[in-house]
Amino acid sequence: MVNLNIDLGAGLKLQNPVMTASGTFGYGREFESLTDLDRLGAIIVKGTTLEPRQGNPYPRMAETPSGMLNAVGLQNKGVDYFIEKIYPEIRHYKSNIIVNVSGAKVSDYVETARRLASLDGIPAIEVNISCPNVKSGGMAFGTTCAGSSEVTEAVRKVWPRHLMVKLSPNVTDITEIARAVEGSGADSVSLVNTFLGMAVDVERQRPFLSTVTGGLSGPCIRPIAIRMVWQVAKAVKIPVVGLGGIMNGRDAMEFILAGASAVQIGTANFVHPDATIRTVEWIEDYCRRHNITDFSTIVGALNR
Amino acid sequence: MNKPLLIEFEVTCVDRSGATARLTLEPVGGVTMPMPAPGQFVNILVEHAHNTFLRRPISVNFAEPGSLMLMVKEAGEGTAVLVNSLPGDRYNILMPLGHGFTLPEKPEKCLLIGGGVGVAPLLYLGECLRQRGVEPVFVLGARNRKELDWQLPDFEKIGKTFVATEDGSLGTKGFVTQCPALDLEADRWYVCGPMPMMKAVAAAARKRNVECEVSLENKMACGLGACLCCVEDTADSGNVCTCTEGPVFNLNRLKW
Amino acid sequence: MVNLNIDLGAGLKLQNPVMTASGTFGYGREFESLTDLDRLGAIIVKGTTLEPRQGNPYPRMAETPSGMLNAVGLQNKGVDYFIEKIYPEIRHYKSNIIVNVSGAKVSDYVETARRLASLDGIPAIEVNISCPNVKSGGMAFGTTCAGSSEVTEAVRKVWPRHLMVKLSPNVTDITEIARAVEGSGADSVSLVNTFLGMAVDVERQRPFLSTVTGGLSGPCIRPIAIRMVWQVAKAVKIPVVGLGGIMNGRDAMEFILAGASAVQIGTANFVHPDATIRTVEWIEDYCRRHNITDFSTIVGALNR
Amino acid sequence: MNKPLLIEFEVTCVDRSGATARLTLEPVGGVTMPMPAPGQFVNILVEHAHNTFLRRPISVNFAEPGSLMLMVKEAGEGTAVLVNSLPGDRYNILMPLGHGFTLPEKPEKCLLIGGGVGVAPLLYLGECLRQRGVEPVFVLGARNRKELDWQLPDFEKIGKTFVATEDGSLGTKGFVTQCPALDLEADRWYVCGPMPMMKAVAAAARKRNVECEVSLENKMACGLGACLCCVEDTADSGNVCTCTEGPVFNLNRLKW
């Protein structure tokens, strides 16, 4: 028997280390017929903002080598709609429900977190200071220590349970940001969000995205994401949640060995809608093959 | 509506004409295929293409219990692999997806207007209409005879079929909008084809004040309403997912 | 007839915009039977240091999705060996020969550049402040404005001809670095060098590279590289040379439309050893198809 | 030595046994294939593998004018596509590459010692030796009979062949180092196989003070000496490219 449980602290206990990445799994319901929504470590739902957002104009997507660019721009119906209409429909899942929170100003993050705090079935929020597809807020916070700290500290004051902060990889030294966020009260960090990228339709001589630039995700970025997780895991004491191009259990184990206590499956959900549950099963089998009875012992177990 | 499933299919037959192929596929291992509604699509994984990452959305050309037909036109590396499929090749398919055409409650006069590879979903729609007692009339556009004639017998089996080709090598010379068949009395138009053709047909529909549904081909990733990439800006709800609220939209919802 | 000439200033005139990226094309000779060494814009030879370097231990390479990691670590026989043994054998190529210069300290860069200045057949050097695979120097200079300026200014004093500076993408804001380098006397900037990445052999629970981390290159990074070229081209007045995952002419045109006056073909040489010349031919054909008689008019011609 | 060229090849024959296949390939369009030297390798582009980016280096199993044979063992996605090749499939191949085995100036007693898929280059080496008047003796190791027996007739045609299998199902039970044939009088050993096997054989060669060449399989990218990824740390020159100074090295150069 393999014990896949992992405790990320501050009340966030996962039945296994596999979560869904925000914005790639809707509210879970979209995948009900394709994967087992009761058997995941956590479902991190779509980025939620204080007010409803229409997002960016179409086209919002371009396929790239081993990945894709998106420029969705946080389209969502706002936190009140989530609380009233969506949460009651998904709260019964046996997986943890985590809400990803975004905002244009610090006060947006705070008010959104404050309203979510009323939902006792939400053990954690993930504060997104790294969305590259919005004009204000988002990545602007996540690329400086001061901005990252400011958001984290403010949200920390109103959010009583586990506080995860999602970091941007578009920085010179991600360990600096991670330490700043840790010092401001985060209970864990998740990394990485997407890389700012761009693709050009050369025959039409124009960008593929309506916004010119967008967020790059998929296996193409995985080697960079693993490196950042490895660096951050050595730099902070709080748990690190790894993501960036994980397509399967093998990829997930790269992050885990590099120091991630848990992982998020993102873009893979678009290609293999059953990627999450298959990753859980692969990790369980891996542990069995390697005689690991307690998953937590393999976190950061990379040999040098 | 049937919930989407991941199903392993095997190619049993390939009909090819130029850069277009019609694949007939059957589920592997006795799995039951959920029947798609007309206008729905599938999202197919192409594993043996070097530079293809996402699945390829393809509309349902025809379906019978246990058998699925997809019409694929080569447009890149992924579709090239599909077009060059051989019997015995296997594909992992996510299906059925999306919101299809609205079938009339009672028999109505329906015109099914398609262009290029956009004629594909109209075949299955025509058959479903016929089974409901509607006599579908097809108006099909193509660049030339070669593009269309190999598919014509299938349409003609189902309903009266008018053709327009750009070079005049078959039927009326010109675009479908120039085809006299558009003047036939109709309660409802169903449209699928390249964007300029659909916009022209939509304009004609507006002029005639006929109920009109169009099938969009917005670029998409997941096909499940999760990635929010394929949005269409609607008059009533702003950006909505083409993959779940569409691909078929009533013209009145669109800001065309 | 399409005129593919492009003048990068300070005496660096290219017969076409296609160069080879340093470290991916040896000294050209390795590709003599595979591509036409007289028909390239420039051959940028292997990174050259003051003293010979053995580089890092094997293993130095890992294949990744649409790319590869390398940790060569500037293995080369030193500038004197280049001057005495290699340069005489390659100077006859009708393509420009550009030497890529690296160093651990500023004085290394300076002395290497000074020695190369004696070779009148070298119209330009490319100063590499962005190698991620060496313990000192390299990327350490390229990730701060001060470090980048310091190297550029020092080399500028001893190098009389075209001075190209190769930028690191491992930064929060690459336009800052580009402006610093421009202000310190660079005649052009080339971007991007590799991204710092990592890959893990999960069955053996150890990194694939002897150095743990290495430089990620290949089409996987192309969307990020194009975005950076687009940003930098708007931020500086000197020409921008684009590189990062260009496999063919279409890819090259993405960079050119985004603002690159010329491009470098790197990792593609490992997969398609004739990629350079095929890219030249594709661009020529593209110009013909788009009725462009003078290549320089298409630089930065992206429509918005 | 022949300079490397990019040549389009077509598969004309596939012999398969388990996860290993021997492909026979011929250049397309009447192109003349440069003859490889024994121990040289080719770098083959596998375009229809999803996650394969670099070419796959494969040693030459056999070559005749206009025909190349490669022995490929499935080890990942790229080699899986190669192993599953069908006659008619085409591959872009960069060849010939590297520095092969040293052929003796005058007839000598040569032992050709291989293990696993490492036996492949020894077949071509044996044939080249035979043509120079050497009577090659093969000592081949495998896990079991099934791995080796389908290839044995080809070796036996060229020279006396001894076999060791780990499970004893063919020849001596155990590793090649336990095969009595290693005690045969020899001026020169040629070795190719998995690293532990080569190191064991190299130790035996040192003890016997016999001239010994080994063929390395360092991970490589370009195959041309440009990327400097595949280096071996040599006693005389430090890091050198396995792809150009090797893959075959005299044991004396290695720090084993």
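Order of writing sets the chain letters: A, B, C and D. Residues in each chain are counted from 1.
Keep this in mind: contacts are C-beta pairs under 8 Å (C-beta built on N, C-alpha and C of every residue); 3 or more make two chains touch, one makes a residue touch a chain.
Just so it is clear, the model here is predicted, and its values are computed rather than measured.
Asks: Check every other chain and keep only those touching both chain C and chain D; list them.
Replies: Expected: no chain.
Asks: Could you give the separation in Å between the centres of chain B and chain C, each centre being the mean of its C-alpha atoms?
Replies: A distance of 47 Å separates the two centres.
Asks: Where the centres are mean C-alpha positions, what is the separation of chain A from chain B, in Å?
Replies: 36
Asks: Where the CA atoms of chain A average out and where those of chain C average out, how many Å apart are those spots?
Replies: 34
Asks: Where in chain D do residues touch two or more of the other chains?
Replies: 51-52
Asks: Could you say which residues in chain A touch two or more other chains, in rising order?
Replies: 62, 64-67, 218-219, in rising order.
Asks: Hey, how would you classify the chain contact layout here, line, ring, star, complete or other?
Replies: ring
Asks: State which pairs of chains touch, listing all of them.
Replies: Every pair of chains meeting the touch criterion: A-B, A-C, B-D, C-D.
Asks: List the residues on chain D that touch chain C in their complex, please.
Replies: Result: residues 3-6, 45, 51-55, 94, 218-222, 224-233, 238-239, 244 of chain D touch chain C.
Asks: Applying the document's contact rule, which stretches of chain D touch chain B when the two form their complex?
Replies: The contact residues of chain D facing chain B are 47-50, 52, 81.
Asks: Touching chain C in the complex: which residues of chain A?
Replies: Within the complex, chain A contacts chain C at residues 62, 64-67, 69, 143, 170-173, 195-200, 202, 204-207, 212-213, 216, 218-224, 226-227, 230, 245, 250, 253-254, 257-258, 286, 301-304.
Asks: Using the touch definition up top, name the residues of chain C that touch chain D in the complex.
Replies: 23-26, 30-34, 54-55, 57-68, 70, 72, 75, 218-219, 267, 269-274
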